[in-house]
Every structure is written in C-alpha cells, then in structure tokens.
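What follows is chain A paired twice: with chain B in the first complex and chain C in the second.
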Partner chain A sequence: MSKNAALSYLPRQSVVHRLTGTAKLAFFLLWSTAAMLTYDTRLLAAMTITGLVLFSVSRIRLREVKGALIFMMILVLLNLFAIFLFSPDQGTHVYGTKHVILPLFWRYEITQETLFYLLNFFLKYSAVIPVALLFILATNPSEFAASLAGIGVSYKIGYAVALALRYIPDVQRDFHNISQAQQARGIDLSGKDKAFTRLKNSAAILLPLVLSSLARIETISNAMELRGFGKHKKRSWYVQRPFERRDWVALAIALGVLALSLGLTLAKGSRYFNPFQ
Partner chain B sequence: MKKMSVKTVVAIGIGAALFFVLGRFVAIPVPFVPNTTFNLQYGVLGLFAAMFGPIAGLLIGFVGHTLIDLSWGSPWWSWILASACFGLLTGLFASKLDLESGVFGKKEILTFNIAQVVAHAISWIVVAPGLDILVYAESVEKVFAQGAVAGILNAITTGIVGTVLMLAYSKTRTKKGSLNKE
Partner chain C sequence: MSQPIIEFKDFGFQYNAQAEPTLHHINLSIYPGEKVLIAGPSGSGKSTLASCINGLVPFSYPGTTTGSLTVAGIDAPHSSLFELSKHVGTVLQDPDGQFIGLTVAEDIAFALENDQVPQAEMKKIVDEVAGLVDIQDRLTHAPHELSGGQKQRVSLAGVMVDDVEILLFDEPLANLDPATGKQTIELIEAIQKRTGAAVLIIEHRLEDVLWRSVDRIILVEEGKIIADTTPDELLASNLLIENGIREPLYLTALKYAGVSVTPEKKPAHIDSICLDEADRQMVCDWFANTAPAVQQEQAEVLLEVQDVTFGYNDGQTNLEHVSFSVRKGEMLSIVGRNGAGKSTLSKLICGFETPNSGRILLNGRDLVGDTIKERASRIGYVMQNPNQMISKPMIWDEVELGLLQTDLTPEERARRVEETLKICGLYPFRKWPVSALSFGQKKRVTIASVLVMNPEIIILDEPTAGQDFRHYTDIMEFLRSLNRRGVTVMMITHDMHLMQEYTNRALVFSIKRLLHDGTAVEAITMPELVKAASLKETSLFALAQRCGIEPPQAFVQRFIDYDRQVREHE
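Coming up: the complex of A and B.
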C-alpha cells in the first residue's frame, strides 16, 4: 500500500515543529475560517504567500509532498472546469458586470469576470493548502488529542480521535489480511468484475472487518472502564506542553488574519474585491 | 456530552478509523461516471450510527471524513459537515432498531433504508450544496448536480452494504426469548 501512502508526520528541527500542537491546531482552524469567509483577492494572495513562506521555514521539502500537491491541483482544476461547465456566467453573477474576451459557442464565453472569479476560487484553496499540509506534516499525532483538549474540546472526543489515529494502522492491516483471504477463496474486488458484483463482494470483506472491529470496541472499552476512564471532569496529557512566546505569536497572527478577513467583509458589506467597478 | 459512555467513545474512535481506511484506500469506481467511486464507508457509518446512536454517528462522520481530507492535504468543510450530518440523522432515525437482540426482518430493513435515504438526501442535497454556496460562493447548478450524484451513489452503497452488514450482524446475536423452558 506504499504507493498511495497517506500524508503523515515528518519530524524536523524547525520553528513550526517546535510550536505546541494546540497552537498549530488553533492556527490552522482560524486560518481556514479566515480563508473561508473572504473572497478578497488581495488578502487571499497575501495568505498564500505567507503560507508558502511558513512552508519553507518548516524545512519540509516540496518534493516530499509532490504527490499530494499534484493530486490537489488536479482536483482544483477539475473543480474550476466543472464550475465553468455548469455556469459559465458565474463571474457576471458575482461581480455584476460583463467584459467578454472570447465568445465560444452557445452560452459559453470567456469573460474577464469569470476568469477573475476562478482565480479567486483557486486562491481560496492555495491560501489554505500550505497551512493544512504543515499542520499534518509538522504535528506529532500523539500530541493531537492533547491539542484538541487544549482548544477546549471535551477530552472524551479528544480521546476518541486519539483512538482513531492509533487504530488506523491496525484496521488497515486487518483489511489487507481479510481481503487477501477472501481473494484466495475466489472473491474478486479488482476491476475484472462488474461494479455491482464488486460492491456485493466488498461486503464479504467488510463483514469480518466490522465484526472484528466490534469485538475490538468491546475489549478496549472494557479495558478503559477498568482503568476508570471518564470518572473525572478533566484529564491530563503526557505530551501536552505549556504555551511559550512563539505559540502566542502564532495565535496572534492567525487572529489578526481572521480579524482582517472579517473586517474587510464588514467594512465593504461584501465578501468580494471587485476591480470591475 | 457528559453522559457519553466509554463504549461510545471507543466506538467513535474505531468507527472513525474504519471510515478512514475504507474511504482512503478502498475505491470501487462507478461505471460510466468518471472520477467517482462508491463510498463503502457510508455503509459502515450507517451501521455504527444505528448501533451506537446519533452522537457517535455525528462524530464518526466528522472525524473520519476530516482525517480522509487531511490525508489528501486539505479539508473541504462543507462535505465533512455533510458526512457528520448523515451520521447524526441516521442515528436519530434508526436508533429504534434493536440489532443487539438479533431482530432484523423486513420491517427493520425498510426502517433502516428509509432512514438512510432521507439522511443522505438531506446531507447531500441540502447541507453540502448549501454550505458550498454560503462558504465558497460556488455556482448553484454545479453544487446541486455534484450533491445529487454523491447523494444517490452513497444511498445505493449504504443500502446494499449497510443492509447486508446489519443482516449478518443480527444473525450473530442470540434472539430474545430463543431459549425454551422444557
């Protein structure tokens, strides 16, 4: 399964890595909220550049995330294409004017507004992607549950997330074993069969997987209950670190960007930066 | 949230891990429609939501989908919330099913499937496109087309996979009153 290995933690010596998990999680959430709210080209461009700078500071090399980047680019471009396909006048719809550059056929024409809208849509992605990648690549998974508790999420949910991260490799291995065993019995999941047969066949793999998972839930919850999980309102975390100055700085930057994004929207009464008026 | 039992906590964790593995590594392409796959994970989410209730369903959908998106690189919040919404609604509607006692006949199959179809319809034709329009100001036609395709495919997957899983699971349980005094 190495060929589609998921993105995971890459330990490095960098400022980004030294930030506490809580600060990184909060930064990521505030940052993506800011990017979601605004459609202001200038702010999104600035956020993209800042994100790229942070990425280079983290000492994670671009080629280490090449696969993920290419995949996301394809996804974004497909999305852009789909928007154009379904509503070629989206730009006019958003910006209210129409400057045709190149009429194509039927209702399809390339307008300055649509191109600009698509550029903004692209920037909305590119503003978040470097920060999201950093969050995944520079946060130690064992610190993740502690960071969730750090931003005020109930520790039970934090613990559930920690369990998910802990058991993903186990479930993956189970899945692999079961699917090989079923294939040996002649159940085919590969492309040779019809899609609906494959769907039905997949149940033959899912069933043992789900049953073993249910058994696992039983075992783990018994063990946790025996150790008194959930008795107290609070819980401490082995990996939790106290906030230092750089964490507060990161938090302040993220809050600043969010405030800017909100401020721009409220000041103009619109989420869009409109160069056509 | 205070009353969330230890078992629910663990079910959320393991359920999210299952959701992640199925969604991330198992892809069965849909015939005739390029770039779409059957999402087996919704069958399992349906089962877990029916077994462990709406809160578990909500969090399995939310955590599992967020992890999938993060492993690709960037989360798409509107669709993550739609997954969470599907878990919540299925849990609410289907919590009357008593799988533990081994009763799963025609009536229960019908209940589960109505519940999951309604939940999918709300999640993918209302929640996901609605948030896409609100948050990303996307084109209305595109998001509804996308949502409808996703909703229908997911409902088919959940219908087949979820029902098969529930039938099989209920058979492993001992029926209430199955012992006779002689």
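Coming up: the complex of A and C.
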C-alpha cells in the first residue's frame, strides 16, 4: 500500500498539532473562504507560501502524503484543462486584453491572459490544499467530532464523522477478507480477466460487504443507545481541550486573511489583479 | 427477602414484524446481588428476555407487551431506553462491534459524555473504572491494538461508569478463546463482588459459565421459562439434554459409567461434586470395560507444509518455521489463541499470501506460482460468517457462481450443482432465496458453493461459532459426512468440544509457531500446552484424576471414542 493513501492522522510534536481541533477547523474554513473569494495573484501566492510554511512547521513531510498529493494535482490539472477546453478565451474576458502566444486551431489559442487566468486558478487550489491537508493530518481523529461541535454543528453529525473514522479500517478489512474468500471460490478479481468480467465479479464482493456493514450498523446503534447517546441536546467531550492563546492567534490570522481578501476585492471593485493594464 | 430488582409478572411480548409472540407468560423475579444464568437454545427467546430488561425491546425493536415488567422500580415497557440505561448496563455479544470510541478512554467515557459530565470529573471516573477492569495502561490504545478479552474489559468498563444495579451479559463467551473465556467469567465474578450488582449472563455454553458459581439458572425454551432453579438441581435433571443444551462433559461421563447424578452430589462443579467410593469404582470399571477405538490406517500424504516462514510486513514475522503434513481423508483442528498465526496459515495454503521461505506441496507438487483461482479447484476456503460469503440472492446461483468461471458446459454445471445440493441436503431448497434460510443452512450453502468446485481439501474458519448445541451438531455431522466421502477437512477453531468430538488430531499454534502436532486429547490435557496456547483443560481430565485413573489422558481418549460411537448410533 502507498504511504498514508487514506490520509490518516500523523502524530507529531508541533505547534500545528497543539492547536485545538476547533481552531484548526475554523482556520481551515476561513482560509478556504478567503481563497475562494479572491483571484488576487499576490494574495494567493502569499497564502500558498504561508500554507507551505505551516506544513513544514507541522513536521509532516510532503512525501508522506505523496500519493494523495499527486492525485489532487491530477484533478487540478484536469480542471484547468477543462476550463481551457470549454472557455478558451476566459482570460481575455476577465482581463480585457489579448496577447497571443501560440495560435492552435479553430477558436483555441494560447494567450498570456489565459495562462495568467489559469495560474490564478491553480494558486487558489495550492493556497487551500496544504491547509486542508494539515487539518486532516494534524488533527487527532478523536478531536474531529468535538471540533465540529465546537463550531456549532450538531454533535450527532460530528459523531457520524467520528464513527466513520472508527469503522473505515474495519470495513476495509471486511472488504479484503471477502475478496480473498471469493477468489478462493475461483472468482477472478485479478488483472487476468477482461475488464467487464472483473466488474461483474466485483459485485460478488459488494453484496456481502453491504450486508455485513448493515449488521455492524445495527450493533453499533444499539450499543450507542444503550449508553445514552442522544439523550440531551448537548454532550461533553473526553478529548476536548480548552482554547489557549495560540488558538486565538490562529483565528485572528485567518480572520485577517479573510478581511484582506474581502478588502482587496472591495477596494478595487474587482476580484482580479490585472497586470495587463 | 428484599424487593426484587427485576420482576416479570405474566409478561408477554410480540415483535411487530412477527406473527406469533416471542415470550409467553413470563413470571420471574431477580433480587439485588444475585447472579443468574439464562440459558436456552437459539431462538428460544432468551435474548428477547434480556432485551426487555435493558429496553432495546420495545424501544429499538418495537412490539406489543402484555403483563408487567418492573426494573429497578421502573415500569420498563413504559419508560425509555435512556432511563433504563441508568440502571442496567449491557455488554453485548460482539466486543468489536460495540467499541464506539476511537480509543479505550473515549469508549469508556462515552456514557459520561452523553450525560454531559464535566471533563475533569469524567477523566477521574474513567481512570477509576479502568483500574477496576485492569485496562488502565491501555487508555490511549485503538480497538485494533487490543485483544478480544481486552475489548471486552473496555465494554464492561463502559457500562460501569454509571453505577448500575444490574449488569447484563449477552453471550459474553461467543468470540473468545477458551482461556480468555475463563478469565471473563472470573472478571464478572470479581466485578460483582465489588459492586454488588445483580448479574445476568445469557449463554448456552453452560459448563464454561459454571467455572464460577451462579445462584440460579433460568432455562428458556419456546418463549417460556421451563426451569428456574439452582445449578445442582438443573444438572441432575434431564432438562438440559431435552432442550438442546450441552451438559458438562464430566456429567456425561458419569452417566455413561452408570453413576446417578442427584442434586445432593452438588454436580455444578467438577471440583465440588461429591463422588463416593462406589461412584469412583463405577467410573474405573467403565474405563476398564470399554474397548479402545481401532486406529485408522494411514493414507498417503495430501498436503505438505515444509518449514514455512511468513510476515505481512518486512522485518517482522507472523509465522516461523512451520512444518506438518496432512493425509488424505483426515479431519483435523487448528487451535491456539488469537493472533497465533492460525488464519495466516490458511491464507498461505489458499494462496492469498506467499511464504517468505519454505514450501507448500499438494500431492507432492509445489504450489508456488499457482494463482488463487488455480488453487481454488483443489483447496476450498469457508469463512466464519456465511453472510460475508454469499453474494447471490438465489441458492442455485450462489452454488453455481464458482463454476461460471470454468470451461464447463451449462449441462455439466447444472449436474455438478445438483449433485452438490443433494450431498449438502439443500436440494429441496434449490429454488429458494438465500434470505429464507437459517444461519446453519446458510453455512451449508457456503460449504456447498466451495464443494461444487470439487476440492480435495476444505479449510473452515470457526465453522460453528455462535451456534447452539443443536446447530453445532447439525453442522459438524454434515462436515463429518463430507469427510467420509473423502474430503479432507481442516478447521480453525476455539471450540474445545469441536476439537475433541470431531477431530483426532490437533495442530496447536502459539505465538507464530506450531507448538504441538498431536492428538486432540493431548491438546486438552497437557498443562503446559493448555497454558501456552490459551486452551482449556477438559473437565474429564479432572474427573479421571479424582477417580485415580492412570493415565488420565487414556480415560479422556476412551470417553471421546465411546461418545462418538454413542452419537453416531443416535
């Protein structure tokens, strides 16, 4: 298996890890809102760099999440390509000028404006991805539910997330065992058969997996009810930590970035930074 | 006497989804501090009875109740699950499934969190309760880092955070190896002594629960209470056998020897049972007069495992230097504690994993390089839970599934499926949907779906887990009949009865190694082996010692052989 393909918690000694889950979640939400609102290249570039700095502060190495990172990069590139495919002159639309670098065919041509527009788009992702990854990788899963409750989400939803984290490894193990047992009956799931047969054969795993997962759900919901889950509107949390100064600082920074993002847009009356005029 | 803490008065219950009531006219009182075993075969209603006490019935599984049920002074059917959970702590059957938290501490704290207990107080209670069940040094562990016994301790701690007056255990021994089961029974007793709570244990494995005293046994059958008496009284009667519950083996042996078991002899424990000189002599005479079984001649070697070493990850091993061979037509057990490498071994034989070193031969041919699919025509593998194997809604399709991948013509396939269904006693059901079958019948379907490939050897993982005596006998007699047809059968099991009743030979694994390759009797009588592999010594051994029979192993072997003959003629 590739390293940490499922993006699970990586415990380290760092200030990022020491932030409470609630602070990290709030930071992530504010930060992504800021990045979504603006197309200001300078701000996005600064946010990307800050994100990468935070990543190195967290002592999690990029290569530990290589698989996930490559996957996301492919998605981002596909997205950029799709924008170009469906709207090749979006850059000119936005920036009002047209500097052709390389004409292709029909309405497709590469212009400075298009490249710049796509660069901004890319920066939006690169500003958010490190922070999002940090939230996932540096938050103790035990704190997820508490942190969601901390920003006002119903604890029942928060606990659904926590339970998913708890049971994903079990379901993975079920999947593995079921698939092996089906293969031992002569049902080939390896690369030797045709794709269609393989797809059909995968159904042989699905039904037992769904049924055994349903049985799990019944057990767990009984166990939870028997221990009073859902009794009150609120609940306390064993793992929740009180807010400290660093949490407030993190929140302040995130709010500052959001304010800057909004401020730049309002001040200029446009979400774009235009180097062509 | 004080007020009963649980009182059923002419109580009845019918699930909304069912046409008939599950419980009828239940009258039962349980007093504070009592320890009660509720026994009964599957489907007798014993679990429903327990669910009425903790409130799962009728609040999670709705239905109509008649009569009255008072639990800790509360009118149970008209209160709520939450109210009852303050008084009744329930430990469910599956220690893994009921582990809610991501770590031990969170799981123990779960009920406190729901009660909005402040964090500081919560941590104090968790530490205290964790100490009670001796899990305090594992507080930050995730469930997959714990053994089955440890998970059960966590479940127990999780219900003890509320000062409950009633502790309810739903088949606590079902998923545990024999030694851990024994420890669980000891733990339950220790907790009861400390807290003074009333303890209800629902189990059909009577002998294992009776490892420690219980005050009363309630026998449930067809939704009615048919016995409510002391263990001594019940064991002296024929009620257990009549109702499909296995009686302790030493009692069966005494009965074979012609000793009459009366309540006055205190038959509840092998250590305390009073046997006078005449009784002991009867056992000795029986031993002397019973002929030893004839040894079967040895067939040629079918499967050979030669010095196999394997690890799932680099730098660590899960099996080391394992060597043994299996002869054609054998039926053998693979036993040992969880994580000892039993399942790993079966994965290597089926080809799910490849050994790091060593060879596995079938009929003298090295299997290396054969894919799982290629091996599948010769080696069959049956999982513990049939629901994890069945992938077609119809029985016929399910059994035919493996054949679809072969070059057989449709006619040949139909012939093979038909033949297999007949062998497995499923032919009358061939047009049925799988969902209409009982658990035991589903098990048969999964065995049929493997058998249809015509394997020379089948490996079964816990073939009878969670089954009562009746279903157990059903499945095992079926496997024996297959074995007689020439199929070699290997079974991974925790069930000491299964091992001694159906297999002559046992491979005992302990911590990555094959510790012992010998008779099943050795595995349940050699003290060092029993200890190292988390097995359980049979009570027959103690009986032989008490009667002064030398060597006691010979008595155990004689009993097993005789018992097999008796059951075959039934």
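Note that in this section the second predicted complex is superposed on the first by the 256 of 277 C-alpha atoms of A that agree within 3 Å, B and C clash if a C-alpha of one lies under 4 Å from a C-alpha of the other, contacts with A are read in each partner's own complex, and residues count from 1 in each chain.
One rule holds for everything that comes next: a residue touches a chain if its C-beta (ideal position, glycine included) is under 8 Å from a C-beta of that chain, and two chains touch if they have at least 3 such contacts.
Note that the coordinates shown come from a computational prediction; the quantities given were computed from them, not determined experimentally.
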item: Chain B versus chain C as contact partner of A:E225, first or second or both or neither; value: both
item: Touched partner set for A:R235, first chain B, second chain C, both or neither; value: second
item: Contacts of A:S154 with chain B and chain C, given as first, second, both or neither; value: first
item: Greater residue coverage of chain A in the superposed arrangement, chain B or chain C; value: B
item: Contacts of A:L207 with chain B and chain C, given as first, second, both or neither; value: both
item: Contact residues common to both interfaces of chain A (with chain B and with chain C); value: 162-163, 165-166, 170, 203, 206-207, 209, 211, 216, 220-221, 224-225, 229-230
item: Chain A partner contacts - residues on chain C that touch it in the complex; value: 54-56, 59-60, 81-82, 85-86, 90, 92, 94, 96-103, 105-106, 109-119, 122-123, 126, 143-144, 158-159, 347, 350-352, 371-373, 375-377, 379-383, 385, 387-392, 401-403, 405-406, 449-450, 453
item: Chain B to chain A touching residues, read off their complex; value: 1, 4-7, 9-18, 20-22, 24-26, 28-31, 35, 38, 40, 43-44, 47, 59, 63-64, 67, 70-75, 77, 135-142, 145-146, 157, 160-161, 164-165, 168-169, 172
item: Chain B partner contacts - residues on chain A that touch it in the complex; value: 1, 4, 6-8, 32, 36, 39, 65, 68-69, 71-72, 75, 78, 82-83, 85-87, 90, 93-94, 121, 124-125, 128-129, 132-133, 135-136, 154, 156-157, 159-168, 170-172, 175, 189, 191, 194-196, 198-200, 202-203, 206-207, 209-211, 213-214, 216-217, 220-221, 224-225, 229-230, 271
item: Chain A residues touching chain C - in the complex, by the definition given at the top; value: 141-142, 162-163, 165-166, 169-170, 174, 177-178, 180-188, 190, 192, 203-209, 211-212, 215-216, 219-232, 234-240
